[in-house]
Amino acid sequence: MNEKIIAILFSSGKAVSVKMLAKLLEASASDIPAVLDRLVKEYNTKSSALYVLVHDGSVQLVSNPAYAELVSQVSKEEVSGELTRPQLETLAIICYRAPVTKPEIEQIRGVNCSLIIRNLLMRGLIEERDDMAKLQPVYTASIDFLRHLGIGAITKLPDYTHFHADERIGKLLTEASVPEV
Amino acid sequence: MNEKIIAILFSSGKAVSVKMLAKLLEASASDIPAVLDRLVKEYNTKSSALYVLVHDGSVQLVSNPAYAELVSQVSKEEVSGELTRPQLETLAIICYRAPVTKPEIEQIRGVNCSLIIRNLLMRGLIEERDDMAKLQPVYTASIDFLRHLGIGAITKLPDYTHFHADERIGKLLTEASVPEV
Amino acid sequence: MSFEAKLDAFSGPLQILLELIENKELEITNVSLAKVTDDYLVYLEKQDVPSEELADFLTIAARLILIKSHALLPEIKLEEDADALASQLKLYKEFVTAAEHLERIYGEGRISFARGRTPAVTEEIIFAPPSNVSIQSLQIAFLYLMKRLEPFFALRQVSMQKVVSVQERIKHIHEALKARAMMTFRDITAGAQSKLDVVVSFLALLELTKQRLVKVVQGVAFGEIELKRVD
């Protein structure tokens, strides 16, 4: 039971209500608090990696506060330093072809880009918004990033018109709108 | 050390390179594999909540595949779709013989594999990197694909040693190198 | 269906060959390959092989025809490695087994899930411009991407040309037969640039026979193939 709860909390990534836990475990909600008590006693030790937080009828898995400094170092590493070549390419596609969807970016790069897009978002280089026509999020360069590049508008990028309207890429993107099988 | 690694992997949420781990732990990268070996032995048990997945120089903390059904109810992750027979064949060659080049894959399948490889790359099931010795790109399974197979390491594939290192297959690979028509 | 999806679902030439041999419960040997050559050609004729894969199918056809010629007429010399195709097929068979393993595990749905995440947008975003990004590096990155897509665009172009070539060959033979009632296969392939070219002609011939536009006569095995116009 304990291990099942940890697996649920881990994959959910957010606080899970006691009611929901009971439902998932096919147990009675009234039994859960006692189970959680034991779990907390077992998990939340001075040196354990993860803590079980019970608060206001919800449970969440977090890292042990003792490692707070290490953990903040992890997120700092993720958004610092130079861009890798795949990151730079993805950013270039978003700058020249915006507004562009993830499947479209992937058609051009020929590689899955989920993690890269997420990282560019976290660094504030790009922005995400919902597109009514494409029915999925589209990405554009952020204002902060344009300012950083020292250009007033994205169209001021070198070769903008040429790259933005390239016919062969346009044709490739038409196919990206076909849903994946 | 173990608990620190788990805290790092937990807070990152995705695959962390051995190099990055060493940096965060202020340890030597050459010491990490032995530490990970011990961690895997300790963590990846039949009923543990979480698994430590080690693949191709990266480590990721994931849920135990034994709880897949339970966890799939809370995870937002999209389950990747069906694989066609040609895709499975290509994936099998890449999983069992990695790192392999495109000509090697084509030699086994007897058919041009450019588009299939591109498709697998876009779905994030395989990864491409440049190989200094072979002077061309080589392909390996992605850590995401390993997660979907529910195995803790590529060597856990059935008959891995047979397909990966078998002398007869090596000999056949040499023999099968056919002059271009 | 998209360009890639269509190809992804199509069986390769070795898969077909393996199925033909296994249906007859034969071992993978040169003798077996000779025995299934006709079946393979019939398959090629009947199936709509995607144009992108036609060259690979024809290559195998050419090698099969050579092996069959050797089986029937041992004086015909095979190339240096006589068992290359049999070896390749055995190797392929190994990986068919490996693919079955993979399919089984994949189908079990024993997935290890990653840690759940809150959507990135709600997380704290710190503007962290990297030092290696400028308008020039973005331009170069995009140029590099376009260059990398070149072979991919070219591949589609070549595929298209291949379809055209079989159809053109059909037209060419048909036209030639309008001028004279009879010709030989050697006449058609006189200007052939490669083995592939010969096989393309052969395929065109099969197609014309199927459409009953020509009648084909071969007096002796591996003798001259004569084409006659069907009036």
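When the chains are written out, they are named A, B and C in that same order, and each has its own residue count from 1.
Here is the rule we use: a residue touches a chain if its C-beta (ideal position, glycine included) is under 8 Å from a C-beta of that chain, and two chains touch if they have at least 3 such contacts.
These figures come from a predicted structure and were not determined experimentally.
K.L.:
Taking each chain's centre as the average of its Cα atoms, which chain lies closest to the overall Cα centroid?
P.N.:
Closest chain centre to the overall C-alpha centroid: B.
K.L.:
Taking each chain's centre as the mean of its C-alpha atoms, give the chain farthest from chain A.
P.N.:
Farthest chain from chain A, going by C-alpha centroids: C.
K.L.:
Which two chains have the greatest number of C-beta pairs in contact?
P.N.:
By contact count, the leading interface is B-C.
K.L.:
In angstrom, rounded to a whole number, how far apart do the mean CA points of chain A and chain C lie?
P.N.:
About 41 Å, centre to centre.
K.L.:
Using mean CA coordinates as chain centres, what's the gap between chain A and chain B in Å?
P.N.:
Chain centroid spacing, chain A to chain B, equals 21 Å.
K.L.:
Can you give the whole-Å distance between the Cα centres of chain B and chain C?
P.N.:
About 29 Å, centre to centre.
K.L.:
Would you please write down the residue numbers of chain B that are in contact with two or more other chains?
P.N.:
10, 13-14, 61, 63-64, 71, 74-77, 118
K.L.:
Among the residues of chain C, which ones contact at least 2 other chains?
P.N.:
Correct list: 3-5, 8, 113-117, 152.
K.L.:
Considering only the defined contacts, which chain A positions touch chain C in the complex?
P.N.:
So the residues of chain A in touch with chain C come to 10-14, 79-83, 85, 88-89, 91-93, 95-96, 108-110, 118, 121-125, 128, 142, 144-145, 148-151, 157-159, 163, 166, 168-169, 172, 175, 178, 181.
K.L.:
Which residues of chain B touch chain C in the complex?
P.N.:
It is residues 10, 13-14, 51, 53, 60-66, 68-69, 71-72, 74-77, 79, 83-89, 91-93, 95-96, 107-112, 114-116, 118-119, 146-151, 157-159, 163, 169, 172-173, 175-176, 178-179, 181 of chain B that touch chain C.
K.L.:
So in the complex, the part of chain B that touches chain A is made up of which residues?
P.N.:
Residues 2-8, 10-14, 16, 20, 23-24, 47-50, 61, 63-64, 67, 70-71, 73-77, 81-82, 118, 121-124, 128.
K.L.:
Enumerate the contact residues on chain C facing chain B in the complex.
P.N.:
My answer: residues 3-5, 7-15, 52-53, 55-56, 59-60, 62-63, 79-81, 83-85, 87-88, 90-92, 94-96, 98-99, 101-103, 105-106, 108-117, 151-152, 155, 194-196.
K.L.:
In the complex of these two chains, what residues of chain C are touching chain A?
P.N.:
The touching residues are 1-5, 8, 113-118, 120-121, 123, 125-139, 141-146, 148-149, 152-153.
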